[in-house]
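What follows is a set of structures to go through.
The same chain A turns up in both complexes below, where it pairs with chain B and then with chain C.
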Partner chain A sequence: MSVSYRQAFVGQIRKDLRQSGRRLAQTLTPLFFFSVVIALFPLAMTPDSEALAKIAGGVVWVAALLAALLSLQTLFRGDFEDGSLELMALSGVPMWFQVIAKQMAHWLLTGLPLVILAPIAAYSLNLNGDAYITLMMALLLGTLVLSSFGAIGAALTVSVGQGGLLFPVLVLPLIVPALILGAKATEFAAQGRDPGGALSLLAALCILSVSLAPFATAASLRVSLD
Partner chain B sequence: MNTAAPSRAHFRHTHIKLDVVGLECWRGDLQLFSELTLTTSRPVLHICGINGSGKTTLLKVLSFLTRPEQGTINWQQAGASLSPREATPLISYVGHRDGLNGVLTAAENLEWATGLHRRHRHDVVQCLQDHQLAHLARRPVAALSAGQRRRVALLRSLLSGCPVWIWDEPYANLDEAGRQWANGLLKEHVTANGLALMTTHLQPALDSAAVQTLDLSS
Partner chain C sequence: MNAFMNWFYRMASPPHFYRWSGTAIPWFLVPATVLAVIGLYLALVTSPTDYQMGDTVRIMYVHVPVAWLSLMCYTSMAVASAIGLIWRIKLAHAVAAAIAPAGASLTALALFTGSLWGKPTWGTYWVWDARLTSYLMLLFLFAGFALLRNAFSDVQRGDRAAAILAIVGVVNIPIIHYSVNWWNTLHQPASFSVTKGQAGIDSSMLWPLFTMLFAVTLYLVALVLMRTRNEVLIRERRKAWIKEVLVK
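Here is the complex of A and B:
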């Protein structure tokens, strides 16, 4: 009996996109959260545009990271609770391959919209005009790192009920380097310095996480099913 | 009653057999069973036993979802032993958690699950029709009754084309007509030379020559 990897991959992405499309309120929560955090900062600190410009890059990054974390926690929860995960483990397609499909669907629904929203958020915080491209490039790489490392944490905590605190404790140490590099790159660009170094390191981190994390995630899912 | 699709009428699986030696399983600090040895000799293995005797655990162990404390599980096809990696794609599992996503329709759920096992797009809607479930195809699974959900989940085994069906309490939530319907699926599977492992409190209403019973309580 033969199975088509491509068909299984596309099928998994289609399933996740469909299901998110029918639960729009839940799907849009991270983006709403992101927008609210950005909108609250000037209210709580200062409406002074000079002062805001200094912290704009960092604020956008922290908000994006928290928004992504919010949605990542439940990446495998639904599939675990309804038994789909058992079917995935018993299929002819390797688990890591299906994990990549799920990550990709998640990124399309959370990471990509964040990258697109980021310039608007940065504009409202008066980020220096030279830094927009860098911000978007860094977020593009950064959200991929978040999705990959976050998936490991989501897989490990999927059977721990509401798992509340455990997930951020596991995942934060892994994704803080991406936050530092991304925020630094944005800051350098805003100051008119060359962000190339920080961006290159972030790209390296992105390649590392995207290529290796699915294997760790697949192994974690197996442990959670046991 | 059960009109198999014409394409499946002459379909036969390669004979598959399960050989288990000295299996021992624990849940927490409770020993469920030990020294369990079993060889399938008939197309349907009926596993019975009181609540908590380890029926579900045994099914999970046999499908490599859970690891046993001790013992070997050997799936054989046409005389050759299969590694776990080779054996798992041959198993269609329907457990307590039925693997159906509530917001997707029955047809969408079955399409996804079928894609995990076979290359050729089987006509899911046709299969639902052939088994008197056409009216459920376009409804979200969350809107189905427990019995209807179970029927959709059981039909997944047929669509998967797997030679081994592992069913955990397939008759739960099914009415008399539903049980007969499920038995019809099983008969179709047995005719196609398939193997079925199932736990249930009821005696499956099949030809007794086809059923082998394993009692975990003893």
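Here is the complex of A and C:
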């Protein structure tokens, strides 16, 4: 039996969305995690609103990055354990194509909600009013970069026993450029400077990683399935 | 082309590599030692002091070659990994595995000498500027490569997984390299540029720097060859040729 590309793509997204819908608590965990991390900063540093305004952009970025990572870690775990991953590899549809579908479903469930939640978190930290659009645009691009690199890391560690600890060590250094650019863009906008340069570089990084990472992810999955 | 591919495949044979590298190592190690002695003499005795930094400028003769070569190490590790993945050459994976600890040590050394240099000139051992932070990530990239390779009980799977990681990590290299120019923070921009040809640095300082660069490069080649030989011995330990080589 062969499957068409469209069937495989749409089917994969549907399956992932439906499964996440059934495990609503697990799906929402990254968002709760994001909110809790945001709440920790005023507690640990200072509730002074002017001091918070200075670090608001960076704090939102770090929290979003950690929340996205937390959820990406298990991107392939379930499919690996119940054997779906092997079926995906045998279906005749290229693995990288199905990886894009999985990544897209995951991004719709965590990346996008984080982008929507970010302004609320930033408001609670008293971010300068001019920076909200920049923050959301930067996070939109940044979460896509995160999910591309995160998918590679998840694919590499899916068959490793202690993958849970290894995953952040592998992925965090890779996404530092996105973090630097995204946080810089937000900071520039908050200071009233032009964030265009940093945003353009981030967009370039986003296009590069979204278009190339699925091939690396597919190759990693093949290693893990050996 | 055919002759080249033949040579390529012959090089990739572990017994051939083992014999060849055994004779080649002294040819790298001896010039490295000679150049290091000359370079250190030039750097520490004859080269002038900097009008701003005084004697501390001499740290440069270690710091700059080591920092350059650590980036070079990562790139060669990624190239070796790609060769191993594409042509399925086990020796290339062994080379990549041999480069990783060498590269990590060079990175650590560059961070260490940099912080020693930073104290008298900037007044602090460490700042979180973009250059230093992205360079610190290089250390984690090397560490991640080694950790991932060791996480698999099967050597070949570990090799391939780590190779993919090494290739993906290459995106960070230009960012680390250009971060000094992009983010004008505490770390000074590079004084010497290959593309511009003319240097922002006097020849009395350039020569010792180049001598040291070549010394460290040659030493590094010798080190990687030695480490690769060890890797080959471990990986091929059940093969017949190992016995012949070791008993002889």
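The definition used in the following text is that the second predicted complex is superposed on the first by the 222 of 226 C-alpha atoms of A that agree within 3 Å, B and C clash if a C-alpha of one lies under 4 Å from a C-alpha of the other, contacts with A are read in each partner's own complex, and residues count from 1 in each chain.
FYI, a contact is a pair of C-beta atoms (placed from the backbone, for glycine too) under 8 Å apart; a residue touches a chain by one contact, two chains touch by 3 or more.
Remember, predicted model here, so these are calculated numbers, not experimental data.
By the touch criterion stated above, A:Asp226 is placed in contact with chain B and with chain C alike.
Within the superposed three-chain model, A:Pro173 lies in touch with chain C and out of touch with chain B [touch as defined at top].
When the two complexes are overlaid on their common chain A, residue A:Leu87 makes contact with chain B while staying clear of chain C. In the superposed model, A:Lys15 lies in contact with chain B only, and not with chain C. In the superposition on chain A, A:Leu156 makes contact with chain C only, while chain B stays out of contact range. By the document's definition of touching, of the two partners only chain C reaches A:Leu208; chain B does not. Looking at the shared chain after the overlay, A:Ala216 reaches chain C, while chain B stays out of its contact range. Touched by chain B in one complex and by chain C in the other are residues 226 of chain A. Interface residues of chain B facing chain A in the complex, by the touch rule stated above, are 63-67, 88-93, 95-104, 108, 111-113, 115-119, 121, 140, 161-162. Put simply, chain C touches chain A in their complex at residues 85, 130, 133-134, 137-138, 140-141, 143-144, 147-148, 151-152, 154, 157, 160-161, 164-165, 167-169, 171-172, 175.
Those residues of chain A that touch chain C in the complex are listed here as 149, 152, 156-157, 159-163, 166, 169-170, 172-174, 176-177, 180, 205, 208-209, 213, 216, 219-220, 223-224, 226. For chain A in complex with chain B, the touching residues are 1-4, 7-8, 11-12, 14-15, 18-19, 22-23, 78, 81-84, 86-93, 225-226.
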